[in-house]
Amino acid sequence: MAHKNIKKNVLFLSSLSILFLLPSFLFAQASSCIACHKELEEELLQPVEAFPLDIHNQVGLGCESCHGGNPREEDIDLAKDQTFRGKPERKDIPKFCASCHADVNYMKSFNPSIRVDQLSLYWTSWHGQLLKKGDQKVAVCTDCHAVHGIQKGTHPKSWTFPWNIPETCGRCHSDKEHMAGYKISTTQEAEYRESVHAHALFDKKDLSAPVCNDCHGNHGAVPPEVTSIAQVCRQCHLSPGKLFSDSPHKRAFDEMEISECEACHGNHRIDPPTDEMLGTGEKGVCAQCHDEGSQAFQVASQMREMILDLSGKIEKAEDLLSRAFQKGVEVSDPRYQLNEVNTLLVMIRDLTHGLSLESIEEKVKEADQKAAGVISQGEEALREARRRRTGLVITLIFIFLLAIGLFLKIRRKTKK
Amino acid sequence: MRNFLKNIFSYLDSRFKLSELAELAGKKKVPVHKHSLWYYFGGICLFLFVIQVITGILLLLYYTPSVDSAYESVHFIISQVKFGWLIRSVHSWSANILIGAIFVHMFSTFFLKAYRQPRELTWISGFFLLLVFLAFGFSGYLLPWNKLSFFATRVGTDIVGTLPWIGEKVKHFILGGSNVSGATLPRFFWFHVAVLPAVTAVILGIHLVLVQILGMSKPVGLKESEVREISFFPDFILKDSLGWILILALIGVLCVFFPWEVGEKADPFASTPLDIKPEWYFLFMFTTLKLVPAHVLFLEGEMLAILGFMIGGLVWMLIPVLDRNVSREKRSPAFSLFGLLVLLYIIVLTALSYLHLKL
Amino acid sequence: MKRRNFINFLFGGGLIGTIVTFLYPVIRYIIPPGQSQSRIGQVEAAKMGELAPNSSKIFKFGDVPGILINTKEGELIAFSAVCTHLACTVHYEEETETILCPCHNGRFDLSGKVISGPPPAPLEAYNVEVSGEDIIVSKKA
């Protein structure tokens, strides 16, 4: 009988203890890495704070996926077992990341279409080549992608999201101290931020605007070849690119090995083009190559004159219309037509890349005609505004006559 | 010529009893004293209303109350129709001046205590006219279907929706749906050109008949020596018309130098502009709602403020009943003070809305 | 007496003058204006037969340009011609049967959808109806 009782007791006690110990098992499932590092400070605490947002965490990976070790072991020596890799040396970081990211079969299980050539591209880049030679100041994966809190490139907080890229590259490239010893300038980021592309990106939130990696490449980043820049520009600026390719400039630029678009429009600080760039004035880009009195010079001056003349007509029309509008006359029809003239002006400015005076003259004629129509409508609108005021004055005269007549009549009556 | 006119008059007289009316009219007197200037404002309101009816009927010729064409039809009126710009601007300016005149008329009759016995019904019918004309303004504002009017209507009807129990139902009825939509425009048009004019005809008729029967009220405690009288017809009418003529001139100047804009066509899918405001005559209520805290005890602040306005309106309407002293021809400074506070409240809150404070 | 006549003259003349300056605009207003009220949310974009297959026409739609395309198969379609990128006016490219924006090479297919380039949104499509000889374009409900 006692046997049975003891058996019962043992069963009871062991199930009770399992019940109590179960929670501790569950706790033991959580990462010991996080449990320990949570209690530490600064550099050693940062991974714990940043990791919840990390893309690697979100796909189910943990500290041990990169750093090795056994997160289920509480004891630090047991946790840092033989698989433990710890913090990689700076020069080893590319290989460290590539141990997964260059493994096609492994990466396919997370995203079938993700690229796996980043490391091989990296070795072709300036950064990669200098790293091979032992220069540890150059960028490695973590300098651009951050570490522990890495976001997907499509996430607005990611260091590689389009509008964060200038800052990411600039972290080194704008730092004079860091870049001392390399023979390149540190003004690119600042220059870029003044450009029309930066305004489109930061002010208009136009994510299609180019940033550093669009011209320089990202993993395989090098200063772009002369021919490759023009191809990059042509991806969006197809029309001027085609016109340029069909013009005499193309062969000349290729022979002289001048980069096409950059020669006139600059590279980092690309300003919105102005009519002053055309021709031979102070800001004229044609004078860079063409001497005064040459035929090219003449053509440039003629184009410039036609465009400035048209611009002036548009300004005059705009002035007339806004004055009429201010005076209360409805001008939406001529405004629409003026819009058409402006569109023609954009096309004409585009045509300058083709260097064909005839095609420009044709379009200018069309635009001039339309502009003249708008101007005459604007003048008519101002005449209408004048007519209204005259009508008002006449009416007011009669009203005042009537008012005076009334007033006098009233005075007579009150005097009576 | 004189004989001809005399013949016409006697023909009409035997049928319309005109000479009896003329005798009655001739007997009517209007008091003249230091405050009698305010008497003209009632007639000014009437005059401006007539202008609204005439210009409204003219606009009706070319306006179409459908979301596909309302904006375009207003654009058509001011650009293609001869003097369309003038008719439209007169209608818009007069609307605003009319509401201003109504407020002046209301407060002047309040402070002169014209609401006292036997003119209580004149005051109450006048109060309803105030509501009717505010409704005219609110419904008319949407009709051009531009961005400003669309959002002002949305914001305004949202406020109605916050009333307890009946709010949503009333809002649904007004809008013809749950939002400002293609069903709302024809409905507001219906209110503006049919329902409200009919209601006005009745209430205004009562109001005018009462004024004619009871004559002009004199301020309390005025001494006999301070008052003299003039005949209503033709003396007072002549003075009235002088005021009307000058207002006409003012409207003309406003229309030529500050013509009313067409604005941009409403886009129901755009987001509400940050600084959207209703028309100026609703601003004091609108700003009150912005200033009121989100919750007062367990009640929603906005709802409380709206209920406050409704109760305030009710009190205002019942002033003739509440003011016992004045019904006995005694002074009632407490009520004058009350009116002054109301007036100050309206002025201060309207001014505040223009200061662009971060409310 | 003279004074009285003068006052009456002033009054009468002012009254008649005022009435005339008020009646004149009203009468001109109610006389039908030359151009009929065409902007009832729809526009006559072109006449039948004006456009050959695989060609297009830019027309005024309210305040903004629209594009009417007669496709190769003879179907008439219309869109807003305002590019959704930076508001340049688009045009129809016959070789590729797509709609191209010349400013930054944005490209739309014949349902208005963006197929390449920077535009962030499709072109607004319009309704096309043929009424006798006229091709009427109107906004979709």
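Points worth noting:
Labels A, B and C are assigned to the chains in the order they are written; within every chain, residues are numbered from 1.
By definition in this document, contacts are C-beta pairs under 8 Å (C-beta built on N, C-alpha and C of every residue); 3 or more make two chains touch, one makes a residue touch a chain.
Predicted, not measured: the structure shown is a model, and the values here were computed from it.
Listed by label, the chains touching chain B and chain C alike are A. Relative to the centroid of all protein Cα atoms, the closest per-chain Cα centroid is that of C. The pair with more inter-chain C-beta contacts, choosing from A-B and A-C, is A-C. Each chain gets a centre from the mean of its Cα atoms; for chain A and chain C, those two points are 35 Å apart. Mean C-alpha positions place chain A and chain B at a centre distance of 54 Å. Under the contact definition stated at the top, the residues of chain B that touch 2 or more other chains are 75, 86, 245, 248. Taken residue by residue, chain C touches two or more other chains at 18, whereas all remaining positions touch fewer.
Listed for chain A are residues 332, 391, 395, 399-400, 402-403, 406, 409, each touching two or more other chains.
Within the complex formed with chain C, the chain A residues making contact are 206, 208-209, 235-239, 332, 335-336, 339-340, 343, 346-347, 350, 391, 394-395, 397-406, 408-409, 412. Per the touch definition, chain C reaches chain A in the complex via residues 4, 7-15, 17-18, 20-22, 60, 63-65, 85-86, 88-89, 102-105, 117-118, 120. Of all the residues in chain A, the ones that touch chain B in their complex are 328-330, 332-333, 388-389, 391-392, 395-396, 399-400, 402-403, 406-407, 409-410, 413-414.
Chain C makes touch with chain B in their complex at residues 18, 25-26, 28-31, 33-35, 37, 39-41, 62, 138-139. Per the touch definition, chain B reaches chain C in the complex via residues 58, 61-62, 64, 68-69, 72-73, 75-76, 80-84, 86-87, 245, 248, 265.
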